[in-house]
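Scroll down for the structure; my scribbles are underneath it.
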Amino acid sequence: MIDYHAILPEIILGVTVLAVLATDLVTREKYYGAIVGMVGLFAALVPIFTLGVCDDLAFCSGSLPRELFGGSYVVDQYSLVMKGLFIGAAFIAILLSVAYLQSDRFYEGEYYFLLLAALFGAVVMASSRDFITMIVGLELVSGPGFLLAGWRKADEKSNEAALKYFIIGVIAFALLVMGVSLLYGISGTQLFADLAVAPAAVVDEPVFLLGMLFVFLGFTFKISAVPFHVWTPDVYEGSPTPVTAWLSVGSKTAGFVGFLSVAYLAFPTHANLWGPLLWILAIASMTLGNLVAVKQTNIVRLLGYSSIAQAGFMLAPFGAAAAAGADLQQAFGATIIYLLIYAVMNLGAFGVVIAGGARVKSYELDDWAGMWRWAPGLTVLLAMFFMSLAGIPPLAGWFAKLAMFSATIGVGSWWGYSIAVIAALNSVVAFVYYSKVVKSTVFDNVPDHVDPEALSRIELAPTLTVALGVTTILVLFLGVFPGVIGNLSKFASEILAGTF
Amino acid sequence: MEWFDSGWGLSLVVFLPLVGALVLAAIPRANEAAMKWVALVTAIVTFVVSIVLAMRFDYGAAADIQFGTNLPWIDAISANYHIGIDGISLPLVVLSTFITLLVVIYSWEHWPEPHNPKLLLALVMILATGMTGTFVALDLILFFVFFEIVLLPMYFMIGIWGDTSMRVVPVVNWEIELRLYASIKFFLFTLFGSAFMLLGFLALYFKSGDVGPNTFDILQLSELGRAGVFTGAFAFWVFAALFLGFAVKVPMWPLHTWLPDAHTAAPTIGSVILAAILLKLGTYGFIRILIPILPDEARRWAWFIGVLAVIGIIYGSLACLAQNDVKRLIAYSSVGHMGFVMLGVATMTDIGINAAIIGMVAHGLITGLLFFIAGSMAHRYHTRDMNRLGGQMLLMPKMGVLLGFAAMASLGLPSLAGFWGEFMSLLASFNPLDGLSLGLFRTLMVLASIGTVMTAGYMLWMLRSVNFGEPAAEWLDDHNLHDVDKFEWMAWAPLVVMTIAIGIYPKIVLGATNDAVVNLVNKAFGG
Amino acid sequence: MLASLTPLVTRFAFLSEESGHEVHAGDGGALAQWAWLIVVVPVVITFLIVFFGKKSPLKGWGMATFGMAFVAVYGAVLAWVNLQEGILYEGAIEIGKIGPFALQWGWVVDGLSIMMYFLVGVVGFLVFVYAKGYMKGDVRYTWFFASFSLFAGGMLVLVSAPNLIQLIVGWELVGVSSYLLIAHYWEDFDNVDAGNKAFMTNKVADVGLFIGAIIMALSAGSFQFSEIFEKMLSGQTSLAQFGFWAGLALFIGAMGKSAQFPFHVWLPDAMAGPTPVSALMHAATMVTAGIYLVARLFPFYQLPEFAGNVNAIIAIIGAITLFFMGLLALTQDDIKKVLAYSTVSQLGYMMAAMGVGAYSAGLFHLFTHAFFKSLLFLGAGSVIHAVHSNNMSDMGGLRKYMPATFWTFMIGTGALVGLFPFAGFWSKDEIIASGYHTASVDPTFAAWFMVILSIGGAFITAFYMARAVSLTFFGDYTGHAHPHESPKVMTLPLMGLAAFAAFAGFLNVPGVTDVFIRWVTVRAFPIVEHHAEGLNWPLVFIVTPIVLVALTVGFWLFRPKETQAERDAFTIPVLYPLFEHKFYIDDFYMDGIIRPTMGPLADGTLWIDMNIVDAVPNLAGGAAKHVAAAVNTVDQNVVDGVFNTASAGTGATGGFLRKALTGRVQQYAAMSFAGVVIIAALFMIF
Amino acid sequence: MTIIQFVLLGAALFSIGLYGVLTRKNAVLVLASVELMLAAVNVNLVAFDVYLGDASHAGQIMTLFLIALAAAEVGIGIAIVLLVFRNRRSANIDELDVMRY
Amino acid sequence: MTITFSDWITEIANWVFLAIALPTLGAAILVVSAKNIVRAVLALVVTLAGTAALFMMLGAEFVGWTVVLVYIGAVIILFLIGIMITRAPLTKNADLSQPMSMRAPAALLSIILFAVIGWAVVASFGAAAIPLPDEATTTASIGETMFTNWVIPFEVMSFVLLAALVGGIALARQDAPEEEEA
């Protein structure tokens, strides 16, 4: 008997995805798809919630974790939190998309369909506990991503972005499955739970190490970390901006879900092997992302490099804790905290960028100069989100940084201290380019070719307003009361409680 | 008043300005009068509440934490909303609310360009929250958050309303608007320091787990520090990290270079707040966090702090002597004055730390006044170049007298507030904490005393160039040059009065601080 | 907080048997308890003048003068009571605690302070009265009296100080008000510079005062003089260890205020201020603060086991000052500068007296000097008022025009040069006699040096005064204004001071009256001083003829001649240029210390700050930009770069290859896989 | 038969595929090369499945999924190539350099 | 269980293996190096057919046939359509590859990658023998495990295909001229 309660969110989402497609077929008002989609997202949140608090509910029975299909699909605290995050991110992404899609000739119904399909894939990833499910889920996240990146069909940049994204994506995917095949060959299993208890004789084999290496490196594509980060700026710049928002949050988080699941559920006992790898990748990503971002003049590209750097920050606790052989639960929790907060602030940042871009029709910082004059409210939000990304209290980002530092320092060895110091220096560098945006929009004068009068009359689309409102409130609220996030991450990391 | 004493009173002082900022944000752009009134009322109420705190404060138990509360805040890392004040923080809290009030009064009719009272006042209010919050926080994470909250408003203040003249950055030869250079420099320096500070905090947190539950609580960590939990290489590195964080903020030589630029570029009220309060966050950190938590390490580093402090004194004074820019001169003078404060801290004695606190308060009042005046002068003359000024006593006699007063106070004239901190620092460095090098500290004492001479030198030099002589022809028919106006009087007179009052009756500050400091030093260094 | 304002009143019954004088002292009763009014009244009046002076009928003069009159009367009453029964009283209020130290404001009522109250009050009152006439029509009339009142207040804070802190406060208040008064005519930068010079010189010396006070306070555990002495005498202090340094440092402070060599440079320049200022501050009160300090600490200085050889240093410095600075008066044309150097010289006498342990002699000279020197200054002021010039070359023959001024000036001159029976005779003679006494009892170099230079100093004093009087009052008038006698408001104070100058000496005629000695030795601590029991007749017969000879020579050399040029022609080849350049000391300070500090040193520091200290962050910023650019290039173009380099190496044209090599996606992919391979290889190897 | 002969064949195919991805100009051929890489993985998986005697046939099942995924990818890839071609009249990926900094 | 070289060389299956593997490899090389685009695609067919043959040899008949059906039946057609539509030059010496300066390092990279994987594989598995299956894997057994353990990916797979289909069409389709916009 299948535990239908456990997979109810997936069922609802699957139905929603199809419903959106169907809606597109029967209506002419294309944004109906968005409405149907959002309703479906809300509906999917309900079982996620009831699953989380099932024991406290009268009509509900069964406790987490709920294992399905021979342990290949598990609904536990961690997966619920991540699913909630995905759904929230998709929700905001849809809100960001509506006005954008209507501003030009886009295929709208298919757009929402693909976005929700990608979300579906991400949600499946969150629960997958074997490589087959994980890979299929991953592909459902990636495939629509490739397509959506090219959604500005007439725009060469968008075409190019789609092709670049696709090619890098598939070779990373090939590497990943190569790794999976090697792991399978040496251990004989696809299940994370079985891999976690693989005997030492297996673990010591070079093939095992190589397979693990390939799997991790394959995932770096999705999270845009070194070495598969190269696509990020071009794709961010070329894609339709709401898609970029989704890629930078939903898709990236899906990558991290893969990372987290593989690292902590499949290879927790081999942390000494993958720890140093991620330690190196973290440092390389944050340093490279931050340094290159300093030179960027396009705000979306800048966010692309910022995304690389942030991936480095998120990997830091992984690497440090694992390399040092410390308690992994805290690093796990820290990454979840970072992911949740990053999602909120990055979506907010993209919201502002979309709203601004809708007015100036450009993402070049020079054109955004003096935005303060023609859109003061938006500029305040922009400053807020970028400063949050930079980790300045009392905006939510500080807690993410704190959690990251805390997890690295808490490791208590040179693996942790050194990466914490490097991360600290990096966060200073990061401020340089985040503040560059603020400086340009707030301190600089409006360039001659921009007409502030005209721009100030353009209204903000209501959907954008809602998206910005939600993210703004969250960024402020979570900045002041980060305990909420802390508790969520604690809830999520309960699955590791007895592991070590 | 039970509710008042159990945390609410203090929370009011901290968060009322934030409420004010929110209200300000809701006021339509056109309604400037409402903005001013909201800001003024908020500032007054906050000040009054802080005065009520000061009046209800039990001076007999100044060493104890009062008006405090300890509520859970972030469970995940056991960071709490733990606030409270003792005799050390009380004067600084009152100073913050006081300066904020004066700044609001001053702004009433002195708006820097671009004209945007709403944002400016809101930023002032946010600053107020950050400043008072830092002084009341007893949890490292809370402290960190408040410590950082002040960065953004100040960054915007400098960046938006700052000096737009071009500055050629030496060495790398960039030409950049001063406000842009100064704002980012200010931020990066502080961020650089505070990033390491945060690492230090976290290290303490995890180390505290060795002997009990992990904690960020400053008081508990102080207990642990006294018990010798933090030692060896660990203590060394943590100290280094925290030192960096606080020293940048103070600022100590050679981390001070952001200060002249920030002060010069900032609008008047920004300079005032920066000088009067923000610099104190660093020294307060030394006293509240570094010394109690890492006493042995503090003792080990004392000579280093002392040497840097005295270098700061001499160096700041010499730099002042070469200045032609009034605001830069005052800014460099801050480096010197904070050097005295740090010299007091470096002695690690009750006298030295008392001296540091009264020095902080005095510097807040006096340098605040100086920056007010310098700002008003720059506003009238449209230049800060001392070579072009002169004869102010003829052009604006009252302004001249006030400038003279402030300069005298700044050079540490006895009977004015500035004297106590300077003199007591010197006093303390003759007999520093047991175990510190007497020879070194006595040498430092002599060098620092020479610093007082140079302080007098540049202050008199400034008075000579600005106040005295015959005014240059360009000013004679300048109708901008009206003397001190109503709002300036209202903002400055309290500073003058307090400078004299503390000078004559230092118990206003020492009455609160002494017991607390003696207790602190006794606990940290075992009597 | 307010509760702690209740006064902490302490009485001292501590009196030593060793004291050279039997001291019978009471506590002065209410009179002493309310003596704080002496200090507070002028300070409060300062503020009243600042705020209401301009609106008051007498424009502040009335209030200021009232204050001085109050001080004078109160001082006189105290002096009278002190003379009758002795007063020893110390009151204080606590103003804070700092660690173990209590900070207090207080007031000491004992012989020494009473003498100063009286002196400040009387001289101050007379000078204030005089100033009403002298300052008439001044642009900053009210401001002047505010500053003046502040000065008097500061001086009284100083002399009433029961502890080192209050002493420092008064000390600096005096300094700052003198700055204000010297630079009174600040439209002219010369005057401002004079004020700055005074302030800065004092500030330099204050380093000594600060350090001395710190050492003393920390060694003894208190700022209170009484406690310091008590602990010193009962041996419970580590002061012995640092005593010499404390004493020396404090003496350096005293040197600054009392214009001792080499800190004398400010005083002559300070003549830039209005003449009443010179009369009150640079003759009677402020400059005596250093003497007062040494006198106040006399119980300390007199004990070699604590103070070591500081006494000898004091004596030598005093002697150098009294002789060599007197020489400088010889070449001055400015009458006030003549008097200024004369003051420096006389202060040298007082300091030298203190050095040889002549406590009451030194103070006595301080007392008499206050009267006759302020008389001389006011007389000079009267002259200046008449001829609108400070220079004696613009004067001459004023005897006829200004009889009152002339005769009072002559009394002052008599007192200054030490002619019997004017006040100076008694006081100066006693200093020389005390020095001789010391030298004969304990023949040290310092004592003999002091005695010999003192006698030489007497000659010089007489010589330059003869010159000044001759040039000013005799011969023909050479100025351009129309000289006239000054108004009553100015001449009456002159006469009052002349009376004191003439008769004050009788307060202490050795062997006959010992009023003054009884007066100033009413101290809570034993004063073991060296002083002659009777008039030292041999010395009198040496000194007085010397003075008379000097006067005669002086008058003869500078007798009225045909032309001014002839009059000025008298020079001594080597010495005169030396004197005119003030021994090059000022030049040395200016070119050797101040200019290098403000010039190369300060500029250099600023340069270092901007180009070296700040270079680190700036370069870091610049480097970050370049590194960012470099990484950017590598990140985006690494394959291009590699192949361009390779193609350059193989001689292929870069442009062609570049065009052919823009397969960006594949470069990306290649980079990524290169990373994979490198990492994989690394992990396989390790 | 040994297992390594299959896995080495897989590795060779994978490397050859990679070479193709990195060097082919025509986008369709790049796709073809990607197919080689995926085929290599399939060889591995099936060989391992048999080698392990996996009762659940996870290797074969994953191969099936990969085949489907590869098909989907090719579909997506061809769509993107067509899109690019429509705008640029070329399917050569080495000409993609609009976004160069 | 390991086998020696002599065992290996005498086992007939290995000769079959070589007979399949070598052409497969050769075809693969042709895919990445052929100068004629159609030839390259047809080489891909050969390669894939080779893998399918290996699968059958290993008893994975279902998988083998799936490869044949899906790849050779469908995917290759897609490729060919792609080639046709993009009007790739069908001539022999078309400029299909990057120049040598790109190919050389790419080849190096590929060889190193092969070396790394190969080394690891050899080090781990040595000469472990693959037990020839007694009977082919039945479709039924595959179906059974798939639908007990991997229902979710199976369902998700359908979404992947659907998304590729819908998205691919939307993306590749020639946009209607302006009037469609109402």
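The first chain written gets the first letter, and so on, giving A, B, C, D and E; residue counts start at 1 in each chain.
Here is the rule we use: a contact is a pair of C-beta atoms (placed from the backbone, for glycine too) under 8 Å apart; a residue touches a chain by one contact, two chains touch by 3 or more.
The structure presented is a predicted model; accordingly, all values stated were derived computationally and were not measured.
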Original post:
When you check each chain against chain B and chain C, which touch both of them?
Top reply: A
**OP:** Please identify each chain that touches chain C as well as chain D.
**Re:** A, E
**OP:** Using mean Cα positions as chain centres, tell me which chain lies farthest from chain B.
**Re:** E
Original post:
Could you name the chain whose CA centroid falls nearest to the centroid of all protein CA atoms?
Top reply: B
**OP:** Look at the interfaces D-E and A-D and say which one is made up of more C-beta pairs in contact.
**Re:** D-E
Subject >> Farthest chain relative to chain A (centres taken as mean CA coordinates) >> reply: C
**OP:** List the centre-to-centre spacing of chain A and chain B in whole Å, with centres computed as mean CA coordinates.
**Re:** 41
Original post:
How far is the middle of chain A from the middle of chain C, if each middle is the mean of its Cα atoms, in Å?
Top reply: 74
**OP:** Could you tell me the distance, in whole angstrom, between the mean C-alpha positions of chain B and chain E?
**Re:** 70
**OP:** With chain centres taken as the means of their Cα atoms, state the distance from chain A to chain E in Å.
**Re:** 31
Original post:
Tell me, which residues of chain B touch at least two other chains?
Top reply: 188
Original post:
If you look at chain C, which of its residues touch at least two other chains?
Top reply: 632, 663-666, 669-670, 673-674, 676, 680, 684
Original post:
Which residues belonging to chain A are in contact with no fewer than two other chains?
Top reply: 132, 135-136, 139, 143, 147, 150, 153-154, 162-164, 167, 171, 178, 182, 185, 206, 209-210, 234, 295, 432
Subject >> Interchain contacts, given as pairs of chains that touch >> reply: A-B, A-C, A-D, A-E, B-C, C-D, C-E, D-E
**OP:** Please name which positions on chain A make contact with chain B in the complex.
**Re:** 333, 337, 383, 387, 392-394, 398-399, 401-403, 405-406, 409-410, 412, 417, 420-421, 424-425, 427-428, 431-432, 435, 439, 442-443, 481-483, 485-487, 489-490
**OP:** Please name which positions on chain C make contact with chain D in the complex.
**Re:** 632, 636, 662-666, 669-670, 673
**OP:** Would you mind writing out the residues of chain D in touch with chain E in their complex?
**Re:** 1-9, 11-20, 22-29, 31-33, 35-36, 39, 42-43, 46-47, 49-51, 53, 55-58, 60-61, 63-65, 67-76, 78-83, 85-86, 90-91, 94
Subject >> Residue ranges of chain A in contact with chain C within the complex >> reply: 163-164, 167-168, 171-172, 175, 206, 209-210, 213-214, 217, 226-228, 230-231, 234, 273, 276-277, 280, 288, 291-295, 429, 432
Original post:
Can you list the chain B residues touching chain A in their complex?
Top reply: 72-77, 141, 144-146, 148-149, 151-152, 155-156, 159-160, 179-180, 183-184, 187-188, 191-192, 195-196, 198-199, 202-203, 205-206, 237
